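Each in structure tokens, the structures are laid out below.
Each of the two complexes below includes subunit A, the first together with subunit B, the second together with subunit C.
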Partner chain A sequence: MWRDAWTVAAKDLRIELRSRVGVNQVVPFAVLVLLLFAFALGPDRKALASAAAGLFWLAVLFSAVLAVQRSFAIESADGARDGLRLSGLDPAGIFLGKAAAVVVQLAALEVVVGAGVVVLYGAHMSGVGLVLGASALGTVGIAAAGMAYGAIASGLRVSETLLPLLLLPVVVPVLLAGTKTWDAALTGHLANGMPWLRLLALFAIVYSALGLLAFGPLLEAS
Partner chain B sequence: MALAAHLSAAVALADQFPVLAGVDLDVAEGEVVVVQGSNGAGKTSLLRLCCGLLPLTSGEAEVLGVDLGRDRVGVRRKVALLGHASFLYDDLTAAENVAFALRCARLARSGTAGALEAFELTGRVQRTPVGRLSAGQRRRVALASLVARAAPLWLLDEPHAGLDAHARDLLDSAVRNAAAAGTTVILASHDAERSLALADRVVTMAGGCVVASGSSAAPRALDANGTDGRMAGERTLAEVPHVA
Partner chain C sequence: MTEESRTRSGSGAVTALGVAAAMAVAFTVWLGLWVTPPDAFQHNLVRLLYIHPPIAWVTYLALGVTALASALYLWPRTRSAFWDRLAGASAEIGVVFGALTLITGSIWGRPTWGVWWTWDARLTSTALLELLYIGYLALRQVPGSMPGRGKRSAIAALIAFADVPVDHFSVLWWRTLHQAPSVLNADLNPTIHGSMAWTLMLGFIAFTLVYGWLLAMRYRIAAAKDATEDVALAAAVAERRLEGGTAGIVGAKA
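== the complex of A and B ==
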């Protein structure tokens, strides 16, 4: 399983590095979301700083939808999806590999978006460890849920519009817990973030386990 | 001789239509079988059933010792399919696509160069993303990936399509070499001149069934005795004798 996961992750990341879709489209989209929120909230730096945590996670979630769609789009061209099914790779390994590739892309994106909220919104990071922990767990959860729902949507002709409808309601716990954890880190009340950090961990574990078990049947059924 | 594939009254459905309507077919190990038939006769569905992409609805189907009724996923690592699609990634180079196929098959990447050279994909072409290659070159890369997997059963769906005369010669040579090494080949083709020269046996399909089978020396014409000319999907479920 681990070998297959490495094979798929390396393949997906190589494709992303070469196509530069993430760099040229997904990252600019995330920055654009931050800018639009800044325009919507006005020039009040205090209001922007207080909303920074939620806006960070919203930008990440919207961008994650694009990253997940892209991850399945590369399998839909020229019968590659059937090729992947015929490859003999362990479906759990495919799930792990594709999720890992999305985690790497989202982690890079979060660095840019995180810098964006500091520069644009004037957010002050006082609990870096909590921020990193929440980001890591939240990213794993989003990627795992994205792979599960992406597999459902990808076999359908309306996958582009269906995936956000399926995925965004499911990742509301990540938005909520991620925002609360980041708020705790930004305001310096680190202890307040710990229960939410545990929720992020639980979400990541549940959807990783679900994906490992269900990805094979989902790939066959969709 | 041992059988690479044994199908008895095999029925497969696609969207409730019987694309295979009771196929009876035995293929011996090392045999090259050419499947003929008009469009919609069930040739592609037969190949997709044999590689585990199409589920078996009723009847028996055993490929390389794997019962497809019980485990159609288990056979996939043992077969290599060349379909209408090439199964390639546009942003990977020709060499990277073949190396990925090898890694999936748990084989060493060292086989990449040999497989590409067998289809004269050398030099710059190896390092070019396949999205920038011509249709014929893409087909050659797909064939190189298939050859590299060294699977004991090749399933080739219109393999000559999109290839120039020289590439067709390379393909025919690869099929002959594989068959000589004991690989079983099931080949669906409309290119009678090319495919019959490769065949040990010719099977004719119509309406989702095998309607004729004979040696390549005496190939059956399409729509021969017993063929009603209908496509597989034109049969209703009630007309398929093996579906309860």
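== the complex of A and C ==
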């Protein structure tokens, strides 16, 4: 399973390195979202700094929808899906590999968005460890839930419009907990972040387990 | 697919259920609007509370039935189109009653709290639940061939169901970690008048009967629709056969 996961993750990341869809389209989109938030909320740096945590996670969530869509789009061309199904790779391994590739891409995106939040909104990072922990756990949760729903929606003609509707209500706990942990880190009240960090971990575990169980049948179903 | 394409599911039992539901609702309306006295604190607003909790109960019941039916569909031994249709029918009723829950709650909240909406934990998680299942229904609407579509829907229903407690508790924490307990507990004052308690009880029974009747009717429509599709497919296949005499498309039933 782990070897298969490694193979699939390496494949997805190689495709990204060669096509650069994430770098050329998804990352600029995330930065654009940060600018749009500033236009919507006004140029008041204080207001932006106090909302920075939530805006960071919203930008990440919107970008994650695109990343998941891209991750399944590369399987839809030229019957790649059938190839994947017939390859004899463990479905759980495929799930882990694709999720890992999305995690890596989102992590790179979060570095850019995080820097954007600091520079544009004047957010002050006082608890770097908490920020990194929350981001890592939240990203794993988003990627796992995204893979499960991506597999449900992929192959359907309406998948572009359906995926956000299915995925976003489910990842609300990540948005809430991620925002709270980041808030705690930005304001320096690190202890407030701990229960939320645990919630992020729980979410990541639950959705990784669900994805591992469901991915095989979903791959067969479509 | 339609091993049980019953044409007469508007059978005696369902009709009896419908009549019982209608009578129970009528009786609830009569008790709620005329017999019970106005509340000491909430005056006539209390009458909304005879239907709001029963409607909310039906929402959760319906979505629970959807999860159960989806699990039974996924279980290989009990897999049949029956569970798939039941899950879809129940989810549809659940979403309608969920919307009614939010609407009746909002109507009650406006005079009581002075606002149509408040970011209370229970309100927020009910709204999220509603959107979660609207997504599920949207997924069900997507056309597709049957075994795949059923499996996909059932898995989506179970993942959504797994999310209900996570959503609920995270929203609960979100609202209560920095705020006094929810205002919703003011609902039921401890000294509840005898006829009021009976009316509320009857409300629960009435709306559960309504749910059962709607479920039977909605199931019947779903089964009829599947049967129509099968008939249309068989007719199309027969037509092609007559046209070309080619036997190459026999496998088209899938």
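By our rule, the second predicted complex is superposed on the first by the 222 of 222 C-alpha atoms of A that agree within 3 Å, B and C clash if a C-alpha of one lies under 4 Å from a C-alpha of the other, contacts with A are read in each partner's own complex, and residues count from 1 in each chain.
One rule holds in what follows: a residue touches a chain if its C-beta (ideal position, glycine included) is under 8 Å from a C-beta of that chain, and two chains touch if they have at least 3 such contacts.
Here the structure is a predicted model, which is why all the values come from computation and not from measurement.
Trainee: Kindly classify A:19 by the partners it touches after superposition: subunit B alone (first), subunit C alone (second), both, or neither?
Mentor: The answer is first: A:19 touches subunit B but not subunit C.
Trainee: A:98 contacts which: subunit B (first), subunit C (second), both, neither?
Mentor: Neither partner.
Trainee: First (subunit B), second (subunit C), both or neither: which does A:70 touch?
Mentor: A:70 sits against neither subunit B nor subunit C.
Trainee: Which touches a greater number of subunit A residues, subunit B or subunit C?
Mentor: The larger set of subunit A residues in touch belongs to C.
Trainee: Is A:162 in contact with subunit B, with subunit C, with both, or with neither (first, second, both, neither)?
Mentor: After superposing on A, A:162 lies in contact with subunit C but is clear of subunit B.
Trainee: Contacts for A:202 in the overlay, against subunit B (first) and subunit C (second): which applies, first, second, both or neither?
Mentor: second
Trainee: Can you pull the subunit A residues that subunit B and subunit C both touch?
Mentor: 220
Trainee: Could you pull out which subunit A residues touch subunit C in their complex?
Mentor: Touching subunit C: residues 148-149, 152-153, 156-158, 162, 165-166, 169-170, 172-173, 176-177, 180, 195-196, 199, 202-203, 206, 210, 214, 217-218, 220-222 of subunit A.
Trainee: Can you list the subunit B residues touching subunit A in their complex?
Mentor: Result: residues 51-53, 73, 76-77, 79, 81, 83-92, 96, 100-101, 103-105, 129 of subunit B touch subunit A.
Trainee: Write out the stretch or stretches of subunit C touching subunit A in their complex.
Mentor: Per the stated touch rule, the residues are 74, 128, 131-132, 134-136, 138-139, 142, 144, 147-149, 151-152, 155-156, 158-160, 162-163, 166-167, 170-171, 173-174, 177.
Trainee: Any idea which subunit A residues touch subunit B in the complex?
Mentor: 4, 7, 11, 14-15, 18-19, 74, 77-80, 82-83, 85-89, 216, 220
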